[in-house]
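Presented sequentially are two complexes of chain A, the first with chain B as partner and the second with chain C.
Up next is the complex of A and B:
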């Protein structure tokens, strides 16, 4: 692999910032580190950049151990959350800084700076000072400054954190476009799960300094490895079930209220085990699935409907105090007519849409 | 949303008038300080300006006049002009030494993470917190024939002659640098702590070595503090007479000492006042130059390459 992190750990006094993290990234990949505040995302990025030393483990970049290399010899492009533009330099000088440090000729500097500014669509702003730019423009300058040195890896630490929602979405698309145009291996840090899912080739989910899971957005969303991942990536119904029967590919299990549920079998699950099962709200519907897709059904009472424009979350009370959240699309809602509080309703979800997260014998 | 909020605040500020009790209170609160400054600073200076045009008569008396003879006596006498030059030289040497010592010190003080920071700061700022006379006596002990410096020298080289330090420019420069250091360190620390560490990290990631980070990022951004610190250190030389008085010799030529001698020994108030005004004028010119320098530095930084 292009970039390999091997068993990295880091303590600060009595805080474990990074706990035995190993992962690898292929050349040209767009990988997102996703996790709540304090989960160690920045610390890992700073280790790759060389600002923080790990207590143990090693980092390999392009086959070379870079642990002992000082930051200024690593040739990595970094964009910080606060952009960290040099306030006493113009846009031109900021972007040219890395080239100047590399003793690139004046003519080539001018050419490459112009190219980089064009890539981030900021041509014409060369003479401005950072404090004469908007937040989004500063962000672009920081990006241009990082890509102009043709870095081995581009490290982006919550670069969109300070932008408002609309600008943020624009910049997400822009970042993907730039990544595709340059093909540079990119690590993007965010604590916004939607941003992580829409932008990345792969997502690494961190919590408490540990790597919980790394996979494609679809993979981590639909097949989370832990209940933390399931819960952190969008809304989740986490059902506690008792296994009553195991068949070849199907497990039959009971909700606390007694309803029987079928779950696709994975791993070794035996009768009498307690299992935790994830069902995403989008898979739960007021209607049975089309065709003869095998599905689970549960009788519920509507507790509350909260509208979100494109659809609504229905909070439902199932048998035995089980609470379910279903996401009902606007179309389905229109067909069904308005559901009111206390209304009895049957909900359905395809058997294949449930995932076993954990098992306790 | 935020637009309307800020315009609301602006409106409130505009509306705030004398009738507003808060505004009234704020204006009354600064009144004592303004009054004190006028009584104990502005009025005496105006009186001093007046005296500098008076004529000295024997016996420490003076005669009201509007003559420039004190000024022409100063500017026409090579002895005083040499003194002026010497004073400026002392000022330059002391500020440069303060800067050379103070910059690494301030940088380390700002960036270092240690619980001993307040203690270190206390040691550096100590000259500010104590009477200059106490410092003078400390230096008299340290520099003396029996002082620690000569004891160490004789311990290392038993055959050596004890050094005569008191009465030399070295003693004056060392003591004034020590006293001026806090004036350098305070504005420098303020300036450096305004430079986010992430700027240095960003520069490093772009390929800048430690030296390049210092010359390209830290020093240019700390320039207001550097200029401010040099200015105050320089003026501390222009105003300090205790160090040259006790640690210098008869040959020491420095303006503050001249003022002291004219006033307290020769009892020539008008001439002392005139020298005071020349020093004051120099200080003002320096401050002007410093302010212009700041603008110039900012403009140069922008237009370079």
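Up next is the complex of A and C:
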């Protein structure tokens, strides 16, 4: 692999910032580090950049151990959350900085700076100082400054955090476009799960300094490895079940209220085990699915319906104090009419849409 | 620019007048031709400047003042600058604790510090010497200058150092390109304050003076014990000129707005 992190750990006094993180990234990949505040995203980025040393473990870039290399020899492009443009330098000088450090000739500097500014669509702003630019423009300058040196890896630490929603979405598309144009291996840090899922080839989900899961957006969303991941990405129904029977490909388990549920079998699960199962709200429906898809059914009472963009979340009370959330699309609502509070209802979800997260003996 | 109301303007004018008025009494006195302190002066002359430069104790005092103030300015600016640089890289309790400790001397009257310095320097066999005087002035200025530099570094962005390094700048260039531009203003303001405070210091000088180390303010106090005449005015003007020359030099180096803490937005 192009970039490998191996068993990295880091403590600050009494906080474990990074706890045995290993992951690898292929050349040209766009990978997102996703996690709540304090989960260690920046710390890992700073380790790759060389600003912070890990207590143990090592980092390999392009087959070379870079642990002992100082930051200025690593040739990485970094965009900081506050952009960290040099306030006393013009846009031109900011972008040219890395080239000047590399003793590139004046003519080539001018040419490459112009190219970089063109890539981030900021031509014509060369003479401005950073404080004469808007947030989005500063962000572009920071990006141009990082890509102009043709870095081995582009590290972006929450580069869109300070932008408003609309600009943010524009820049997301811009970033992907630039990534595709340059093909540079990119690590993007965010704590916005939607951003992570829409932008990345793969997502690494961190919490408390641990890597919970790394995979494609579809994979981490539909097949989360831990209950943290399931809960952090979108909304989740986490059902606590007791296994009553194990068949070849199917496990039959009981909700606290006694309803029997079927779950596709993965790993070693035995009768009597307690398991935790994830069902996404959008898989739960008020109506049986078309065809003969095998389904689970549960009797519920509607507690609340909250409208949400193109559909509605229904909060449901099932037997034995189990609470379920179902996402009902606008089309379904239109076809079958609204549900009202207190209404008794049967909900359905395809057996294949449930995932076992963990097993407790 | 913010709008300033008429009330604000009047208050500012009065405050300014109050601050500046003494200077307008002292300056005319310096050019008086009277033998005694009469205001306004009956006629004009430069005789009191001539008298000033004819007194060996004053000329020597002026030289000692200049030497010690320059030395202590360099020392204080260096020490306070490095300390403040360290403090802006600290976080949380540590940062607050260090800043607090460095400000404690401000709470102690100069008189007390002077006495303490006297005993301390005696131990080092430095009392009454020029190095002793310089050390005393360093003590005097350090907390003030530290405070000024720290305030000027409030917007210091340590990330710029990382940014420069990641773009290929080795440590020395990081210092030149990312650190220096951010700290020169603060250092200059600190140096200006240190120089002026050291030059004008009287209390500490009275404690630490000695045969080869009597700065001008101490020499003047000794002179004024015997008589009071327009010589006070002329030495005040000389002081003023030195301060102005110093500020002009700093201004030439990095800009006046920076030194006086005024900045155009």
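The working rule: the second predicted complex is superposed on the first by the 361 of 361 C-alpha atoms of A that agree within 3 Å, B and C clash if a C-alpha of one lies under 4 Å from a C-alpha of the other, contacts with A are read in each partner's own complex, and residues count from 1 in each chain.
Note that in this section a residue touches a chain if its C-beta (ideal position, glycine included) is under 8 Å from a C-beta of that chain, and two chains touch if they have at least 3 such contacts.
Remember, predicted model here, so these are calculated numbers, not experimental data.
Q: Once the two structures are overlaid on chain A, check if chain B and chain C clash or fit side by side.
A: clash
Q: Between chain B and chain C, pick out the one touching the greater number of residues of chain A.
A: Answer, by number of touched residues of chain A: B.
Q: Answer with first, second, both or neither: which of chain B and chain C does A:72 touch in the superposed model?
A: both
Q: Look at A:82 in the shared chain and tell me whether it touches chain B only, chain C only, both, or neither; answer first, second, both or neither.
A: So A:82 meets both chain B and chain C here.
Q: I'd like to know which partner A:97 touches here: chain B for first, chain C for second, both or neither.
A: Both chain B and chain C are touched by A:97.
Q: Does the superposition put A:129 against chain B (first), chain C (second), both, or neither?
A: It touches chain B, and chain C stays clear.
Q: Name the contact category of A:49: first (chain B only), second (chain C only), both, or neither.
A: Both partners, chain B and chain C.
Q: Mind working out whether A:149 is in touch with chain B, chain C, both or neither, as first, second, both or neither?
A: After superposition on chain A, A:149 lies in contact with both partners, chain B and chain C.
Q: Could you pull out which residues of chain A sit against chain B in one structure and against chain C in the other?
A: Correct list for chain A: 49-51, 70-78, 80, 82, 84, 86, 88, 97-98, 101-102, 145, 149.
Q: Please name which positions on chain A make contact with chain C in the complex.
A: Touch list, chain A to chain C: 49-51, 70-78, 80, 82, 84-86, 88, 97-98, 101-102, 145, 149.
Q: If we count contacts the way the header does, which residues on chain B are in touch with chain A in the complex?
A: It comes out as residues 196, 198-199, 201-209, 212, 216-217, 220-221, 298, 301-302, 305.
Q: Using the touch definition up top, name the residues of chain A that touch chain B in the complex.
A: Result: residues 49-51, 70-78, 80, 82, 84, 86-90, 93, 97-98, 101-102, 106, 129, 145-146, 149 of chain A touch chain B.
Q: Looking at the complex, which residues from chain C come into contact with chain A?
A: 157, 159-160, 162-171, 173-174, 177-178, 181
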